[in-house]
């Protein structure tokens, strides 16, 4: 007796076609059951324990719905659905937290999803259904109809915004995805949003903008992520294999950190018992001297720890990339013309700008070192006392 | 056996204190059971049948919660709650739809809420609880602690945004009112929002902005409102009393329109069976010549109907006031300083500007006249054909 | 530009096919916008202002979904959808409140839905789509595939239970209709529920059982309904036409009561300002002597009012029919066998019995007469003082 | 900057008093972040990843609300809240899954919560607030006001029913806990439910009854639990310490199984990749010969595996305890009398009986052995072929 319907608290029932059912049962997909969607956000939002597995099912479900709405044929629908289901199988443990740090240590041509699709069960299943791995990879990359699962306004974002809202309890993630999907159509083979859907599309951007500081960039998430990054570096210095780490589940990763002992073990134990580093400095763009962005990060960390007389392992710098451009380029149909969303909805340009205001630079350390590190960092960064306090207050 | 708890689909249970219970049972409050919160929005959103009565209970509930959170004393809490409960008893039938048109016909010093509070049962009840009508009126006007129920960020707006979302099914109204209220405090007697609540406060503004075109200014709502306004003018020309109309419930008003006969009856019958006027012209600011705003509206209507050779009763002009400034002035506490929200959240300024983009000027007529009226109106307004069509497409 | 999708707070978007769109625009359907689904339940649950119109759209939506799930062909789907949409067009004002009292006054062969379908716009539309009124009537009567919209477990019940829960805020109405529909299938042309859906089907019965005393039979609803019934009797004695009353909207009915003057006017004014009659007696089966059920109701009312020396117009008897048998007969497929649900789920039999325990007999009167009427009624009914008080306490 | 409000998707914001804040930060409470509330139910319901940590916060929150509603003094409220927060710190990994199997291996007087409260940080915190561990233990045991957190109708059940519904997406868990709590009161020091809350109390029992087979006793949960039990037995035979296992988090437990190697490792790998055992037999009470219950379980397992010629490690017997009596004893106040809920609500007795019908006996094995084991088990149990198939069909 095969179970082909899965209960999902976000979308109700998710009905799986035969391909999806077989794919779901592969070890690659089952592994996602044990990888949290929001990494360590459960340290802030205790309900945020949802996984890449259910998110992948959700993306599959929305991809299917949108494919039906657009009137795709059976073969295209199958491929779009598979791309939606499989798009996250390449993720490392803790989702994004481990991604950047592992990158430089991976083989130059590190394994892409298509490589996973060319092996074992996954290859056999795709074969049975007459699909080629490269086709799925192309869709995951957003090629042609792949826009459904990977574009500026795609079902991946719709699912995670709604899902993250359901599990964190934060209201901002509520977007009108039903309307948005109903107002999408194909225009000379291009996925576009109809003028009637501009409002709903804008709501998705707003939702992203509001979730950013509240959830995705919450300082507790960033601190614990920096701690993880620092622990992984030590593990790898101690001989751990980056490719192996990337294929672990969350719990395998935690075990590996513990088994590594020393600093890595201390870090993971701090995280598991929530004895986190604290913010010594946390400032926005407006408080940083432009020269700061030309300075070498490692040198800066060294300088702060020297000045503070604190072991450099316990002074973490957090200098995130600027929030990427929003979805303002998404094609919108007005009458007969196709224009970027940005031109149709003036609010979108404004939102794109507002995103930069959520950026913060941080220096984190143990609670007992906070006075020393804070003073040292402020001197090194040439910050006024005022600036820091102002910014502290700015954050929930 | 007194019922002192009322089930509300939005807030769960609403617990009434003795004062609120007595006030709720007056004819002035009971009348609000029969006045729809969103006027004729049920013609677009079939679920939007909620009433001023439940909204008033909701505002009372939130006012009470906020008063408790702020640590007000019993007497202040009582007054704030009463102000929240009573703030809408002066509303005419169909909420906003009838308000503007009646204004010029009312006695110069038309009845304010305080006058209603000085008569009959309401006066007696306030007396029993040692309250003076003027105190309640002052709070309803937003004086001092009255900011809770009437200010740029007040519980009135919180309730209607959430409630309108629940009944229309439109997702945009979801705001994080729990967080917002928890981040409010008194600062030298002034209601302010804490820096930790800036995000939640901004979400309220966004919610208002998105609800505006989708619900409050949906073209079907505006058309039916213009029809009502036109019908009321005829009724009053035929001798109806504006003050009497203002004190009617929705159904008394509909009956009065029918009993009036002629044009008023035709209008209301059209509304009840949803045979509405259509848009002959519907354009944004960018399409209108500045001289348009200096022209006399009545003269313009006459000119269009003459040119189109259509009875002027069946050519309705809709030239709404510009959307009022948003809540950017609301005081926000950052560290020790109080600043307007606008300065703390750059997004707010942008939202204020974006609001203007939702404004539309409209000319409405019977379906059979649409060709003629559209052409005439475009000539009178010196509009390019393109402009109108562009704007049509822009609207859901 | 036709609007073919309607936002519904319960089901999200409801997509209308061309037939449904045309039917929706007829006066017969538009009239349902102005008839409350739960009659006067808004006097208890202020949010319960939802209408037959949105319920009809909801039933149409679920009927369509179920038809698709069952794999019906286009023609059958069209008919099932139309039956769902039109099933309530014969309802009088205030839904059930006016139904029973009008019955005896209507022409022997009073107008059925099929008669409405044979006239005017409705006939023309059905004609255009090649449908015969009799076919729709047969489906509304639950014939063959009509079971979808009218059977012991039909989409009508699913919609109203969920909808009534949404608007009253009472949690009991939450049933797992998604699962229930997914577990339904056709078995030799008969609509059955699969063994995997027994749980979900049972939840529907439970939901009905719990909603009964909390909402449908709440004493405030029953009192106001009895008042309406009493008012209508007077109106008809005064010459009003029962058939005309039946075709009114809620507000037309309220106006008619007011215009009638005298007792009818007093009754409706009491209802509009919520000055309701109170319970003088309210007892369950266990407290009533079996001979009671053989006694003549009119004679009993007369006897009580005589004994209490109270005008008989102000002593209302409420002796409702026993709650009808539950859905225990619904066919369920277990392996290859079809059995009644009752045999598969032992809980169902229990629920059927439990339903009788919610029955109450009531005597209602003005607040000022309650002492006199209560004593008189208890004597006439041979009730022990204990019995009544016990039962009072039993009710929320 | 202390965070004293925690966002919870079920209850909104949970506000922590100082005691609760300090307790929450102990390792004993933080450990619950890493223990899933529903063990392996995420293998059926992918969203069911919620933890004992958030459940404990939820129980604390409801305990506090109920304490306030009952008018308890500050000291009592503090203790009730602490009992609610701490009631689960003694749980082993995977919540219930590991509980029964570890029991016989633990020291006769195995560690109770009170022992944990007498050590380290927890002792110090309680000291600071002038509380004695024994007081908290007494409340957790349901003594006096402890009924709030541990009785037949307690806030523990309320929270887990609602929470499990939110995360599984199963609708049955929706109970009217707001009403239920509002209708509870103290009657001579005893926690009772008012007659107005009988309906809401009954809904809690119904919810439990419906969640039982759908979630708590879903066959996939039971199979994986039996696999875990079997793995633990091997681990302990191999020298693992039961007390240590009991204090692990989920991931520590999974790691321990893997590190143990052999059978335990195979079992946990099967679970992590969801290659579960299947049902060879799954029957209700009505199909079992009474003599079955007198037979020795180990002997039966041996007999089946011998007959089937399958390694006994791969034949698992599942003979759960009968579902415990429901909440029918809970005291209910009707007028002046206190009666058990069962007497006031006839439905309750019925529900208690219906619970037995959900009981199943199971024999589970590897997919490849299912034919052999099924036949052997049916012979040993003297089952008719019909019986098994019937029962299979009975289960979702």
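A, B, C and D are the chain letters, set down in written order, and residue numbers restart from 1 in every chain.
By our rule, contacts are C-beta pairs under 8 Å (C-beta built on N, C-alpha and C of every residue); 3 or more make two chains touch, one makes a residue touch a chain.
Since the structure is predicted, the reported quantities are computational estimates derived from the model, not experimental observations.
Novice: What is the set of chains touching both chain B and chain D?
Specialist: Intersection of chain B and chain D contact lists gives A, C.
Novice: So which pair out of A-D, A-C or A-B basically repeats B-D, with more than half the contacts the same?
Specialist: That would be A-C, since it shares over half of the contact pairs of B-D.
Novice: For the pairs A-C and C-D, output the one whose chains share more C-beta pairs in contact.
Specialist: C-D
Novice: Would you mind pulling out the distance in Å between where the CA atoms of chain C average out and where those of chain D do?
Specialist: Averaging C-alpha atoms per chain gives centres 40 Å apart.
Novice: In angstrom, rounded to a whole number, how far apart do the mean CA points of chain B and chain C lie?
Specialist: The mean C-alpha positions of chain B and chain C differ by 34 Å.
Novice: Using mean CA coordinates as chain centres, what's the chain A-chain C distance in Å?
Specialist: Their C-alpha centroids are separated by 50 Å.
Novice: Tell me, which residues of chain A touch at least two other chains?
Specialist: 7, 12, 170
Novice: Which category does the touching pattern between chains fall into here: line, ring, star, complete, or other?
Specialist: Per interface graph, the chains form a complete graph.
Novice: Please give the residue numbers of chain C that touch chain A in the complex, ascending.
Specialist: 5, 7, 12-13, 178-179, 182
Novice: For chain D, which residues count as touching chain A in their complex?
Specialist: Of all residues in chain D, those touching chain A are 1, 6-10, 12, 25, 27, 30-31, 33-34, 36, 42-43, 45-47, 49-51, 53-54, 57, 166-170, 249-251, 254-255, 272-274, 392.
Novice: So in the complex, the part of chain C that touches chain D is made up of which residues?
Specialist: Chain C residues touching chain D: 170-172, 174-176, 195-196, 198-199, 202-203, 206, 209-210, 213-214, 334-335, 344, 346-347, 350-351, 353-354, 357, 389-390, 393-396.
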